[in-house]
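I'd like to ask some things about the structure below.
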Amino acid sequence: MSNDTQPILKAEHLGITFGGLKAVSDFNMTINKGELVGLIGPNGAGKTTVFNLLTGVYKPTEGDFWLDGEHMNGKKTYQVVRAGIARTFQNIRLFKQLTVEENVLVAFDESFSYHMGGAIFRTPGFWKQEHEMHEKAIDLLRIFNLEGLAATQAANLPYGQQRKLEIARALATGMKLLLLDEPAAGMNPTETEDLLHCINTIRDRFGIAILLIEHDMSLVMSVCQRIQVLDYGRTIASGTPEQIANNPQVISAYLGSDSNDDVDGDSTAKVEPEPSIAKTIQEEGAR
Amino acid sequence: SGGSMDDSSSSSAKASGDTITIGTVTTNSGTAAAYGEAEVKGFELAVSEINAKGGINGKKVKLESMDDKGDATEASNAYNKLVGDNNVLAVAGPTISATTAAVAPLADQSKLVTIAPAATSDSIETGNYLFRTCFKDSYQGEVAARFAAENLKVKKVAVLYGTGDPYSSGVGEAFAKAAEKLGLEVVDKESSSSADDTEYSAQLQKIQASGAELLYAPYYYSVAGPYIIPQARSVGFDGYVMGPDGYDGLKLTGDKAQYNKTYYTTHYSADDNTNSKVQDFIKSYKSKNNAEPNTFAALGYDTIYMIKQAIEKAGKNATREDVRNAVAGMTFDGVTGKFTMDKSGSPTKSVIVLEMKDGKPVYNTTVQPK
Amino acid sequence: MKKTMLSTTQSYVVCFLGILATFGIVMALCESGLADSYIKGIMMTACIAIIMTTSLNLTIGVLGQLTLGCCGFEAIGAYVAALASKYMVAAGIGVDPTARFLITTLIGGIVACVFGILIGIPALRLHGDYLAIITLGFGEIIRVIIQNLKVAGGMGLDKGAAGQALIGIERTANLYVVFWIMVVTVVVLFMFGRSRYGRAVKAIRDDEIAAGASGLNTTYLKVLVFAISAFFAGIAGGIFAQYIGSLNPTMAGWLNSINYVIMVVFGGMGSLTGSIVSAIGLTILPELLRAFADYRMLAYSVVLVLVMIFRPQGIFGSWEFSLPKLINRLLLRGNGKNDRAADKSDKAVNEPADATEKEAAR
Amino acid sequence: MLEIKDLCVSYGAIDAVKGISLKVDDGEIVSLIGANGAGKTTTLHTITGLVPAKSGSITYDGHDLLKTHANKIVTLGMAHVPEGRHVFTRMSVQENLEMGAFSLKDQSNLGKDLEMVFDYFPRLKERRRQLAGTLSGGEQQMVAMGRALMSHPKTILMDEPSMGLSPLLVKEIFDIIVTLRKSGITVLLVEQNAKMALSIADRAYVLETGKITMEGKASDLLHDEKVRKAYLGA
Amino acid sequence: MDQIIMFVSQLFNGLKIGSVYALVALGYTMVYGIIRLINFAHGDFIMVGAYVLMLTIPAIVAMGLPAWVAVIPAILVCVAVGVIVEKAAYKPVREKGNSMTALITAIAMSLLLENGSQAIFGADFQTVPTIFHLPSIAFGKLKLSGDTLLTIVIGLVIMVGLQLFVKFTKQGKAMRAVSEDKEAAVLMGVNVNSTIALTFAIGSGLAAVASLMYCAAYPQVSPMMGAMLGLKAFVAAVLGGIGSIPGAMIGGLAIGLIESLTKAYIGTVTGGLITSAFSDAIVFAILIIVLLVKPSGIMGKNEGEKV
């Protein structure tokens, strides 16, 4: 265990360039234990790219980051994961032909200690661990109400359950920091609410830090303690949900003018697109 | 035990019944199919002639033909199948040295006499149940070197051969060694990855630059004819080109004059008037197949006649072993010459040298065995 | 747990008995003389093909990476084993032929495995058709190198002659021994597949990026699979050399490798059963087609095309045959329907333990 | 006018759509809402011929769509913005948009049409030379919509156009949908964001596990207690 | 001086075989580009074309036409064979199987064509009459064959033509769209099946042209002639970046040059340690090195997946 004052994640001046395009620059962030931080920003702002940097998919062209004090630059994906950063993907990436349980077991791989010999000779250790891990996997699936589907092939799950399985799999790596990339995308509000509940449960139960990318403002505003806003790869704001919701720069770049409604959670009055439509139509007419 | 692959179960085979079965294992598919196909044509011609004249010891002859794809495993499976067939008295084949090498130990083990028409590699001799109709690589390379030194009177020679092919590399190496022994200077030694490449200009250019008067290029008719000789001429090489019996049936393309000054060692010559068998063979081959025969066909043809002669000698109730004993040391007079089997199962035979003149092979000389 | 279900241990015993029974049949055939050298030769060839195909299936079917160079490793194993055997004979080491056979074959496998690692590390950075072509290239390079090695031609070692077939290898391969080597291969591959390794490898096949993000060292696992495949290919080569008695560099060529790939796909990718059955089937098929004489290979290719058109997932798809499962089903039929439910709940608990369980569908 | 009658669709043994009937009149925005896996995408795929129907009928402007070759449907004036965008990843943004005009006989207005799309989505103008595969999710959604517009459609089928978009963009996209309707384009809109979909639609259908369980005026459904509970997260 | 002449003529040797490889590689690239299938039978299409040439040239010459006119029946037959193979074998497998089964089908198709033509024409080699009678061009001591120059020119013209076709015509765009996303292509109004058939037709037609140029340089046919040629050309396509039209051209010429130069100089450079017999191995070694440095080939676009 690290000492309590040390942040779980510290990123300093992280940046990456794709053939001239600065997808992310001067990205700074600190996340403490048990914190749930939101990362929002317009499409193409570089949020997913930040995740890719933090998980070793891309090598940063500038800057450094630390997990629990350990310098992580240049580590391979699996090393980063073993060090304690796990993630989900914007486009679901499950092991489609494996069963639900196997998906989780794969992520448990580091916790196994038997080797080739054990596997081939089916030593008692092999059986013991396989059983143990099986129990653990079922326990984990239970959080997401997936335990009954353990033997189902992942590809056959409905979309919402695939999302949950992806989170379960990430949890199985035993991480300190969980990165969730738009977990609520493609879900309706009811399903989103269910997901919100899950996120709260795992944070409380595992005591981990979570960094969340999400466009669903009702979700972001209700679960995040802090929010950082990216635009064109740069941080344009960071602070509490209220601060962000009222930040004019964020409103103009991301939320749109009538975004406050989302924060209130007042559902009936929520969407009133008429004014802006009128504006568009006027512009159309002007052309 | 039964798991051992080295047990022979069926040496009880006899020439019983009213047919005699000769097994054949040849390469009839894959890259070397052309050679096996020609051999089979030779076999079939011989068998039809024999049957027309009343068969062997009054019994009709039947071929039991197996294809080996040019693959050692297939050859050994095919061969084993023949071994298990009690009617099979002798085997003609396999076609290429690679498959013959796989079959050689099986022949000895199952005591089934096997005559390879055209497997020339030196190393496959067993001196037991495996024989061959052709001369072996080293012998042919030697004769060619002698001919180059004594008849063509060249001083500088170059060699080009394909390392991927035992025949090509075997003859090529033998020629180079013999040439050096005879005091010739081997000015360049080039090689190709396989014996069926199409492009040799790079090597030929170097040979041309090396000042060689003669190029020894042991390849098959299908490579020497359309590729090597024209390419050699087009890089400006106008010296002699020599090859082994693989040149027989040389495929000619373009200007026929470019093949002049090409010599090759082989088994028979169409204008050899001293051997009436040659003329008869060529005539009946042509009328049956509507094409010119090549060495493979001639060797195949002789192989069947060798087997016939041996069975006749072994008698009506000959066993496989009797046939083997009849082949060992036999003297045979066929299309590809008159020869005697030596102790190791290879024939000692005279070599005929042919020269290409305006696209036609013309008899040049006969080199007698030492 | 109901008494009618086989426990895990019982399942293993049943499988072992099944293998023993198969061996019994093979032995009966040989000892009674029903199997002549032709049949024995085919059984031997089939055993070699099974080793090649099942181990290649690990790379192609389980890892999902197409390689066209397996015969390069087979050739390495074959040549190394052959030369080792020649050396041992010449030096008078290892008089017992079976011991010599086992030792040299193992050496062949190990050397092939080392090459597998050396080649796998760079090659496995590529995927799909690029990996296929690069492995094909390695196979061809191995072929060319062997054919230019003096020690690997003619009588071998000091009597070598480049470009010649390596001949005169002691033919020490014994069908019974080879049968058990084949069984060990299949069992090892099976156990590997049903362990954390197999799971991890399949995860990489399904999504390599997600596998990395789940903490798997994908490079290591891929090279491991490649090395295991190469090892068994080398073993198959060692057997082949000491069965056939002579070797030719063309055995390393891509056309041969493709033959084994055909076997894997034909049987159904990822299915061990499929690999075994198709290895046997495609060894026997050309022999059966001898009736077509000159049109044999034409008939063979027609059969291939038709099977692919009408059964593109391969003969077995990803289905696995399982003797214990068959027995369970028979037992259940005898015991009425209520056991079905028990079957299900047992499965949920015993899933990872149930080694006989059908592999997850492809 | 698009009319679906008793449509059944299945994937092998799985019945995804079990006898639905619905109608979209010219100039309407009709929204189709429902939980994950309800069969919304399947319905749209069947309309544009990507998935064969088991039974039922689909007519559009007097054409029997089930008998029309999938690639001819776009020439009848029906464009489909598929779920998951399906942009041509190794083509540039501009080439993607030009592909949208593939079905047009007359390619001479390409430049003008492009400008129209760039007006709707200025971000695409910035990125016109970038390969579509390297765009962010939102940018790709814009490409997919722009591409559909390039075929001068009379009817657009949209499958979850707001998925993965920032709130601002979602609003913009919905604005655009309304604008499209104003310019006479009919829209069949599949959405998870039921609240927004219902707020701009004229009529709506609710699809549950392959069956239509409710239909009516969008404003009515928006205030329906059951719908609110199930899809609006109230 | 002689050294330079030698070097230049080696370069031309390389270009000669290289431009044949390039023509064949173009066919591979077209088909691979659209359905991601290594069409192993492509080399055998060349063999089919060559047999047609062998059979028709005498008749065509008898009619008083130049021998190369025989390329027209060759194109017709090859296109027919290509489209039939696609419709009868590849299409059903593509729809029901995966990429691996498609590959095996292609291999089986290749075997079928080889063994089929052996059944029809026999296994033996047959020569093709001379096709071009072009004078060679001499620069002092250096002699360059007219055939070689013609092959290179034809290769370049076809490459440019194809590139323009794919980039700018509607059908070309349809091909690219189909190659990326068949569903989306359908939604754009592209007829996927006819686009694929067209691609096969073009690829097979190219095979016929390639067989003309091949037979002009290497005037002999046999059932197995396509196998090694096809493999080399495929390697060329991959080296250049498979799917890329200029890549196929560059790859083909590069392989030709590598072969020629290694055959000529490797012995000298390595002091006889490695001989010209290693040329095939060296071609593959260079391919491997290129792929390791640039995994998608010389001209290939890096298709790194966006996560």
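Order of writing sets the labels: A, B, C, D and E. Residues in every chain begin at 1.
Assume a contact is a pair of C-beta atoms (placed from the backbone, for glycine too) under 8 Å apart; a residue touches a chain by one contact, two chains touch by 3 or more.
Chain labels with UniProt names: A, D = ABC transporter, ATP-binding protein; C, E = Branched-chain amino acid ABC transporter, permease protein.
Remember, predicted model here, so these are calculated numbers, not experimental data.
Enquirer: Along touching chains only, what is the step distance from chain D to chain E?
Expert: 1
Enquirer: Chains shared as neighbours by chain B and chain D?
Expert: Per touch definition, common to chain B and chain D: E.
Enquirer: Farthest chain from chain D, going by the mean of C-alpha atoms per chain?
Expert: Taking each chain's C-alpha mean as its centre, the farthest from chain D is B.
Enquirer: Averaged over CA atoms, how far is the centre of chain A from the centre of chain B? Could you give it in whole Å?
Expert: About 74 Å, centre to centre.
Enquirer: Can you compute the centre-to-centre distance for chain C and chain E, using the mean CA position of each chain? Integer Å is fine.
Expert: For chain C versus chain E, the centre distance works out to 34 Å.
Enquirer: What is the distance, in whole Å, between the centres of chain A and chain E, each centre taken as the mean of its C-alpha atoms?
Expert: 48
Enquirer: By the touch rule stated above, which residues of chain C touch at least two different other chains?
Expert: Touching at least two other chains: 144, 147-148, 209, 294, 297.
Enquirer: Listing for chain B: what residues touch at least two other chains?
Expert: Expected reply: 28-30, 162-164, 193.
Enquirer: If a residue has to touch 2 or more other chains to count, which residues of chain D qualify?
Expert: Only 134 qualify.
Enquirer: Which of the residues in chain A end up touching chain C in this complex?
Expert: Of all residues in chain A, those touching chain C are 55, 57, 76-78, 81-82, 86-87, 89, 93-99, 101-103, 105-107, 109-110, 112, 114, 116, 118-122, 126-127, 130-131, 133-134, 150-151, 153, 169-170, 172-173.
Enquirer: Which bits of chain E are touching chain C when the two form their complex?
Expert: By the definition above, chain E touches chain C via 32, 36, 38, 88-89, 92-93, 96-105, 107-109, 111-112, 114-116, 118-119, 227, 231, 234-235, 238, 242, 275, 277-278, 280-281, 284-285, 287-288, 291-292, 295-296, 305, 307.
Enquirer: Could you please specify the touching residues of chain B with respect to chain E in the complex?
Expert: Answer in residue numbers: 28-31, 33-34, 36-38, 162-164, 190-194, 196, 198-199, 201-203, 205-206, 209, 221-222, 225-227, 234-236, 251-254.
Enquirer: Hey, which residues of chain E end up touching chain D in the complex?
Expert: It comes out as residues 170, 173-174, 176-177, 180-181, 183-192, 301, 303, 306.
Enquirer: Any idea which chain C residues touch chain E in the complex?
Expert: Touching chain E from chain C are residues 60, 66, 122-123, 125-126, 128-130, 132-134, 136-138, 140-141, 144-145, 147-148, 209, 254-255, 258, 261-262, 265-266, 269, 294-295, 297-298, 300-302, 304-305, 308-309, 312-314.
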